[in-house]
Amino acid sequence: MTTAAPNYELLQQEGLETSLLEISMGPHHPSTHGVFRMDVKLDGETVVELRPVFGYLHRNHEKLAENMTYLSSMPFTDRLDYFNSMTNNWAYALAAEKLIEVEVPERAEYLRVIMAELTRLVNHVTLVGFFVNDLGALGTPLMYAFREREKILDLFEQASGARMMCNYFRFGGLRNDVPEGWLDRTRELVDRFPAFLDEYEQLLCENEIILSRTQGVGNLSRELAVNAGITGPMLRASGVNYDLRKVDAYGIYDRFKFRVPYTDGDTGDCYDRFMIRMLEMRESVAILKQALADIPEGDIIGKVSKVFKPKPAEAYGRIEGPKGELGFYLIADGTTKPYRYRVRPPSLINLTVLRDMCLGGKIADACIILGSIDIVLGEVDR
Amino acid sequence: MSILGGGIFKGMAVTLRNFVGSYFSKERFITTNEYSWRPESELPQSIGDYPKEEGEQLSDTTTVNHYSRNFPMLLHDTGEPMDTIRCVACQICERECPPQCIYIEKSTEKKENADGKPQFYPAKFDIDVSVCMSCQICVEVCPFDAIVMNSQFELSTPDRFGGLLVRRDDLLKSNDYYHKIHPQEAATRDERMAADKAAKEAKKKAAAEKAKAAAEAKAAAAEAANESKEDTE
Amino acid sequence: MSLELIKDILLATVPLLVIFPSLFAFTTWMERKALARIQNRIGPNKIGIPCTRIGLFGLGQPAADGIKMIFKEDIVPRGADKLFHLLAPILALIPAMLILCFLPLEFPWGKFMSGQVQAFLLDSAVIFFFAISGLATLAIFMAGWASRNKYSLLGGMRAVAQMVSYEIPLVLSAVVVVMMAGSLNAKEIADVQTGFNWFVLTPWGLAAFIVFFVAALAETNRSPFDLPEAESEIIAGYFTEYSGFKFALFFLGEYIAMFAISGLAVTLFLGAGDGPFLAVAPWLSVVWFIAKIFGLIAVMIWLRGTLPRLRVDQLMAFAWKFLLPLSIFNILLAGMSHHVTVAYPGTTAQVVTWTVSLVGMYVMAKGLDKISRSTAKPREYLYAE
Amino acid sequence: MTQEITFWVLAVIAVLGALVAVRRRNLIHGVFALMIFFAALAGLFLLLLAEFIAAVQILVYIGAVGILLLFAIMLTERVTGDDARDITSRGSFWGWVAALAVLVFLLLPAIQSADLPQTTEPYNPSVKALGQQMMNPYVVTLEVLALLLTAALIGAVAASQGGEKKKEDADDA
């Protein structure tokens, strides 16, 4: 039940003439998660009109990639959604691997799953922190989230040499094997993570202020979600059971036993989006445990030359990124560079329903709705 | 709005536990000690311990982990840097560098390298710190193992025009230094290079032998032909 | 004006002007340290004695902050109302400092004074307290309006609405104590409670104390009621356009108001300076008083480290639909219990009234909660295999 | 002596505040000037040892009436106070004359009867006594007033609720 905006013409006919307050929230605003702007019109505190403005961070990502070799644009995919460089790498590698038809070694597949699920943990845990920060908590949940994120980023750094811009995946495998003892450290982290999640849930999930702030706010109906092309946790919070890890079973996801949390679609509000992410973390931990138990020894990368010329073809590689369906569409024309390179950014597409969710709510609601969509401006603007 | 559910008190119990716990367990803190692969005793304990010697850099002591990468460096083997430089100025890295931060000028004449072979060398090899994004693509595409990543991170400078452009002579580091900062990676790289070299030599040898055999066969054939010729004569 | 009177005035006011700002400095340090520990950080720890490496747990931090504040550039927006922009922080500080006089803080040197300058001896000290503390609202509105910034204006409007609303439960919960003590004089209210007869130890007193404390949080714009300065929504609210020393004055005013309202809570409910060992050393009452204030402030910090903030409409609903009926009902209960205990002295009557009061309060709170609350509760989720 | 100085200072502030309040075109400035007048008045009450009245003056007139005025102004278009000019009108001279005439007319009896009490006994009206007065002889008045205010409150709520309902009806239709 999307709250309809009040009929302002009607109000004015009745003589309750009020002047609207126009505010440009952003591009520099504490709760816009980057250089994003919302031009809002307020009636008192109620949002009457909202216009999202973005593009401040446009870096010409797609055109750049069309002018360099396939490998060279791998580090640029890190910078799309800079929280989840590992999954960005994977989606791009998946698309390019379809072009050149290369076999990925077993160990590399396992490590890819491990990296992707760790990335999902990083993304969800910080997102929840930021979301509660938008709700007005003084950074306490965010600090707890960042503590866990630091531990995972340490692991990323040990494996790939960088904490955020990992640039770790290669066509046909991974750049290098993980160092000695890395898997044990990861097992230890994964074993300890549920205890942290328990504490986090105890802190947040039953807090009455959070409940009353988020429930019934920013409702997104199943129809609108599907029509707008929403993907990821946001779609599942609106009651659609759709997860590419199950649908496509890319990589080796069909080997793991895990569940996909979703709602019955009655509400689809901020609380659902927040809770779906909390529950997904538990499932990620389950996948990680299985992957870490089964990982074999062996090669890390298939036979691929650094610079290659794929046959003219089209390929679309997509994965279930932490934010939704992340896809790379490549057209090869027989040279070392892609003819067309296109990103399907989940952040941007999920952002399109912002206005529909915010109208009629309070200005404080607009902030948390934006927070619950989970955007990263690097990916929105590209 | 309800305050009677007790969820707020649960949350307050969590924060209280963290408040008390932060005095007792170091694990709760955000910074982790796993950051460095070096033993804790070797690390500087506080900022006051640094620098111990003139010119010492923090990154020399804390260096971070096996795969840490911050900025490229050019490798040379044991000996005078310019005499044993591995780079042959083939300019592949310049072409492949995603942000285009490398500038190379090839030398006009050849010079002997560490193996004693005459090779070109870079007359100029500049990398712009402000543009480089530490992605390591140059390392991967280099066919000569001449460029690797340094973990040095103190690159700030008050000079914003000249200082941010690192020149060839500052980029040159010895292979021993590489072994010091990235022991594992350097060892595997050296092993692979040795193997490549051995394979190459074996190939060369095989090729030489083959050539020799072919020549011998040719000679034999010629001889045989001669003989047959002689026979026919 | 006689010399005696001037001496008395100085004796009565100078300690307040010295003690509370120093306590403010200490409290900022304490708050930062406690919040840091809650968030598993260390907090300020570097600044101690200048030119040495002695950190003193970062106790020098407030001084360093103060120096920084003074030397920062004072920026006034071009479109701002210059006069009001200047006056607002001053006006925010004055009432906060003024109401400190109404706290029954009996310094050891008080017995040398003639008594006519001690404001808490006024017959209507409590009313004065509320009257003057209400002036802070105006300062905040002034700041929000004068800055010529829409965020400031929103913050100012929020502040006015919030402070006016929460003043009512605040006053109504204090009424219970005034009824029981039969006086508006802060000193008399304190005297009634000596010997651990604290009002908080009665059912109606406890309920009134909780309502008072919640309303006090809202009055001083503390989390979870910090909407006027809600960072994630309206930047910094009414002091968005303030910098340098004007900002510091706002900050100081806010903390002093916090001390003052905690002091009033201590006076009304927690027995003012009452505590053990007073017979041995009467001067301890000041220590007890300030210790109790700090206890309340510690709870405020703890709440701030835990809770997110409410939304505007929820805030208003909470004040008008929950706290206000509850405090009115509490007055009723208190009056009833008073009359019953007067009419039937004895333990049985007391036990009965106490039980009735407690049960009544609980039922009332639950009922109000049912009526006004939304259906917010944890949900169940589905899983797809 | 001190009291006289205080009286004159407060009186001048009060008069100036009142003048600014009526003459400023900037509404917010006007309201704040009015509040200064109220505060000075509270000071005058204190000078007369009527501390309770002073407190109530601050509580009600500054804390409630003033805020109410500000709220009302926030609902108008004049909220930013751009046109901050003094009011001038052609008839102001006759206005002054009329105002002074009324003042003189009001003060005349006071000036004529010169037997104003020169000194008063130090009179200390306690709040308790005031409360007892209100609860005993004047209890009916008090209750009637309370009833009136409650009725007004309910009326206001009903009026606003009715508006809401009408809007909903219109929405449905």
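Letters are used for the chains, namely A, B, C and D, taken in the order the chains are written, and counting of residues starts over at 1 for each.
In this text, a contact is a pair of C-beta atoms (placed from the backbone, for glycine too) under 8 Å apart; a residue touches a chain by one contact, two chains touch by 3 or more.
Remember, it's a predicted structure, so these values are computed and weren't measured experimentally.
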Which of B-C and A-C has more C-beta contact pairs: A-C
Per Cα centroids, the chain farthest from chain C: B
Chain ID, smallest distance between chain and overall C-alpha centroids: A
Computed distance of Cα centres, chain C from chain A, in Å: 42
Approximate Å spacing (C-alpha centroids) for the pair chain B, chain C: 61
Mean-CA-position distance for chain D and chain B (Å): 81
Whole-Å separation of chain centres (CA-atom averages), chain A against chain B: 32
Two or more partner chains touched - positions in chain A: 140, 143-144, 147, 203, 205-209, 211-212
Of all residues in chain D, the ones touching two or more other chains: none
Multi-chain contact sites of chain B, meaning residues that touch two or more partners: 1-3, 5, 8, 11, 14-15, 18, 28-30
Of all residues in chain C, those that touch chain D in their complex: 1, 81, 84, 122-124, 127-128, 130-132, 134-135, 137-138, 141-142, 145, 148, 153, 157, 160, 164, 167, 182-184
Chain C partner contacts - residues on chain A that touch it in the complex: 21-23, 29-31, 42, 45, 132-140, 143-144, 147, 203, 205-213, 215-216, 241, 243, 246, 259-264, 267, 271-272, 275-276, 279, 362-365, 367
List of chain D residues in touch with chain C within their complex: 2, 28-29, 32, 35, 51-52, 55-56, 58-59, 62-64, 66-67, 70-71, 74, 79-81, 126-128
Chain A partner contacts - residues on chain B that touch it in the complex: 1-3, 5-8, 10-11, 13-15, 17-18, 28-32, 34-35, 37, 64-69, 96-98, 133-137, 140-141, 149, 184-185
Touch list for chain B against partner chain C, complex: 1-5, 8, 11-12, 14-16, 18-19, 21-23, 28-30, 48
